[in-house]
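Each of the two complexes below includes subunit A, the first together with subunit B, the second together with subunit C.
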Partner chain A sequence: MLTAKLREALICFRAGRVTLPYPFAPHDPAPGFRGKITLDPDRCFGCGGCANVCPAGVIQVRDAGQLLRVLEFQWRRCTYCGRCEEVCPEQAITMSQQFETATDRGDDMVMRLEVFMGPCQRCGRCYTPPTPLDRMDRTGFRTSDGGRS
Partner chain B sequence: MAFLEKACKKAFGKALWVYHANAGACNGCDIEVINVLTPYYDAERFGIKLVGSPRHADAVVVSGPVTRQVAPALRRLLEAVPKPRLVFAIGSCACGGGAWFDSYNVLGGADKVIPVDFYVPGCPPRPEAILYGVALALGLVPKQVAEEHLTQESLDQLAEGGILQKEAHG
Partner chain C sequence: MANVQGVAAQVNEAVAGRIGAGLRVASQGPPDTLRLVVAPEKLRSATEELLRLRARFLITVGIDTRPLTADYRVLYLFSLDAEHLFVVLECAADPDDPHVDSITSLVPGANWAERECRDAVGVTPDGHPDPRRLLLADDWPEGLFPLRRDFPYDYRPPAAGGVAPVPKQPPEGASVLPIGPFFPVLEEPSYWRLFVEGETVVGCDYRGFYNHRGIEKLGESVLTYNEIPYLAERICGICGFIHSTAYCQAVEKAAGIEVPRRARYIRSIMLELERVHSHLLWLGIAGHILGFDTVLMQTWRMREPVMWLAEEISGNRKTYGMNTIGGLRRDLPAAVVPKVLKVVDEVERESVAVRDAIVGDTTLLARTKNVGVLTGEWARQVCVVGPPARASGVPIDARLDHPYAAYDEVPPRLCTQQAGDTWSRLLVRVEELLDSIRQVREGLARLPDGEVLVEVVDEIPRDRIGISVVEAPRGEAVHFVMTGGDNRPYRWRVRAPTYPNLQAMPAMIDHAAIADFPITLGSLDPCFSCTERVEAIDVRTRTRRVYSHKELLAMSRDLTRRGGRR
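And now, the complex of A and B:
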């Protein structure tokens, strides 16, 4: 019995260190891992398809007036299913590899995206210009100091 | 006595004894929490140890979107944990309710019932993500996320060739 214990101890001794040195050395996830969503604001044209398919209701679309559409991402409840990335026609949403998203503030888990839209002359609702360059013609388009173009 | 208190604070300051509370989770997060305690991820090197009673615990790990039945039990559980204490919300469900955030039988997240100190989002979070949350609580790593406000390029930035430049570089 003692020899069995000694043999076991020898096996453990030979195995060396198996523990991951994780917080002190990076350990990247496998390719294909879906982490925190990242947004490319210049690609988004505010169709709201992502909000339509999101099972957790992470994405809320509201029109701030007639010229600006605000997409609010409450990604604290994101289930990382990747439907938004799948459905986005312009690849404005991508799933990054970032998993180190622990935080001590609940407000850290919010993303706000503001998209310039043009109002429809008949119904007054937002619609998106056909190309990014046409955005400049819209009355909602602002210069960086907040002024209208 | 003061010396003893000081010595105790130094010795036990970074040894968290954790009580794990399942508040209606699907067991995905629970499996990852157990995973963190295996020799491969080895949270015990930070002094983390699972205990069987909330009275022995310094920290509570909550997983699951708090269901209506479990909410009073969770409140009583936290009363049993001596102060100072930490509360970790593990997983998207405990952080904000997950896919069930507006369901009739779910309160939508641990922070609706008890004060939460650290959030570890993920569905389920990787064991590394939980370790990262623990390391964040111990002050070993910096925080990597912050509130984001994104806007589209304004006229001035476009005039400087913002989009075209970005495509040329990227």
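And now, the complex of A and C:
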């Protein structure tokens, strides 16, 4: 009995202090960690592949008229699986290392991405122009810093 | 595999010999699965025949197949462990008034499964010894069956007040001691009513399923094949990889997809890493239940590097998101291998130190030896799985009986004990922990090169079945998939290991002391709630007041509304 207790005490002494000073010192996640999604609006051409594979239904795609496709990310529902990042053909979505996402405002958890599209000559619905240059030619095009061409 | 074919033929013959024309169709989908469609009136005879062949009951799957066959189907899943074969007994139930014969009198372990099938699909088991509600909430309306095809997944029945579970009558002269639905040492809600005579437990009653989330319904009606793994891994906060692997394997089996060897090895390694951290977690909780918090602190400290390792390999410490149909989404980077070896070396050294320290601890021995004894015979009867079964001398292990992932090349050692008490279950788990570390090392040493994902080009064919079992730290998890047409399963059935294990509780605490109840339950490693009323004593005036269920509810809601401010 006594030897068992001594052994247990020894294990505790050897361990020393193990708690981390977080949040007073930063604690970076391991490389490859899947944190909050980040969007690169210049790369997205509005294919909607991400919305198609998202298991939690975070991403909603709708067309506002003939020229604008809106992608809304309700990422409070995000499960950080990274499927959107995986399927995005233009690497417009990447998983960041950011994990400190707590907030008391619901609006903080919504991201809106407006993608300039071209209207189809036949049906009039939004579609992706053949090249990025083509879409810059369209009336109403805006660059990501808000400028108009 | 030829051997399995031979056994399948023998089983087929034996069942045909027993029930004759009652056996309508026999077919083999995946090579290790024999599907026997039997006449409803011959179900019990067919079950008897399978039990004679030492088949072990897994679960029942109720399926609303009205759009396909114009009736309901109930599938009884059995496993012939030594012969590596699954046997499915399928029987039809009338579409207007679905009934089947209950097999609970033959297989006590089928008790919950049949009640669940009645609650969810509405197929009543005739002659069931305890036909009370199991799965659905007490205020759920009668006659609404959520797993029927025509039931919308997002339907919310109106809430009803003044409902309570139907209690079992205590034996004459016994008092009732309620434990739960929320009980400090058990992390999840589960409601036990212990029937006690003095300090001795003479019986018990259980009401659970407070955490029922309708995951199966969501899988069959909203998600697609490739989205379900992320839901499956959220079934359990500890065995995430186990459930996603089991689901993917079931679909792969049904569709005949061959997963690359490297992916199978990595699955094995991840499953064993999960066992390492789960067993350490259990050891800590067992210590905590017994008031031995040194064990809790130290095992959880040892466990943490394994969690960090998982984060580095998969991108998250628990919800790995690695599994997908056809293999894995992430490869194991070569740079991580030395880190894995270093962490498992450290965990091994420290686990041995903890084991050597606690085996001589007489207090621990006094609290666990001969406590919560489960006999091998009863363990077989209620179909207990995992460490509780092996600690009672039942030599079953899904990794050996139905090899999956890379367990055919890196097999585990079967760790058994005979006594069936809490101490034996502790020993089995410690031994398995060390064996898992060996398997991780061996798996990494033999890790083949190549792809980790095979592209699934063809559409997954309809109406195929796949059964997959995975040995979770708590026991064997069973996933059943019947493929459907619109890129999602027609039926997805999950049976977690605690499901059969909890059913062994009444026997384990029979004539035990009340103080031994928490550790006995804890020794099953269960994945557990509500005072119907509380008696409050005003300390100043010493007057007594009894609050009703309604008053308590109103008080709690009021407190919540005020944001917790009293």
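Convention: the second predicted complex is superposed on the first by the 124 of 149 C-alpha atoms of A that agree within 3 Å, B and C clash if a C-alpha of one lies under 4 Å from a C-alpha of the other, contacts with A are read in each partner's own complex, and residues count from 1 in each chain.
Assume contacts are C-beta pairs under 8 Å (C-beta built on N, C-alpha and C of every residue); 3 or more make two chains touch, one makes a residue touch a chain.
Computed from a predicted structure; not experimentally measured.
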item	value
Subunit B versus subunit C as contact partner of A:89, first or second or both or neither	neither
Which superposed partner A:39 touches (first subunit B, second subunit C, both, neither)	first
Touched partner set for A:98, first subunit B, second subunit C, both or neither	first
Touched partner set for A:4, first subunit B, second subunit C, both or neither	second
Between subunit B and subunit C, more extensive residue contact with subunit A	B
Overlap of subunit C and subunit B interfaces on subunit A (superposed complexes)	18, 29, 55-56, 79-81
Interfacial residue positions of subunit C with respect to subunit A in the complex	223, 226-228, 230-231, 234, 294, 297-298, 301, 304, 308, 311-312, 315-316, 319, 321, 329-330, 350, 353-354, 356-363
Touch list for subunit A against partner subunit C, complex	1, 3-5, 7-8, 11-12, 15, 18, 29-34, 53, 55-56, 79-83, 86, 95
Residues of subunit B defined as touching subunit A within the complex	39-42, 45, 92-93, 95-99, 101-102, 109, 111, 116-123, 125-126, 128-133, 135-137, 140-141, 143-158, 162-163, 166
Complex contact set, residues of subunit A against subunit B	18-20, 22-24, 27, 29, 36, 39, 41-42, 44, 55-57, 74-81, 98-104, 106-116, 132, 135-136, 141-145, 149
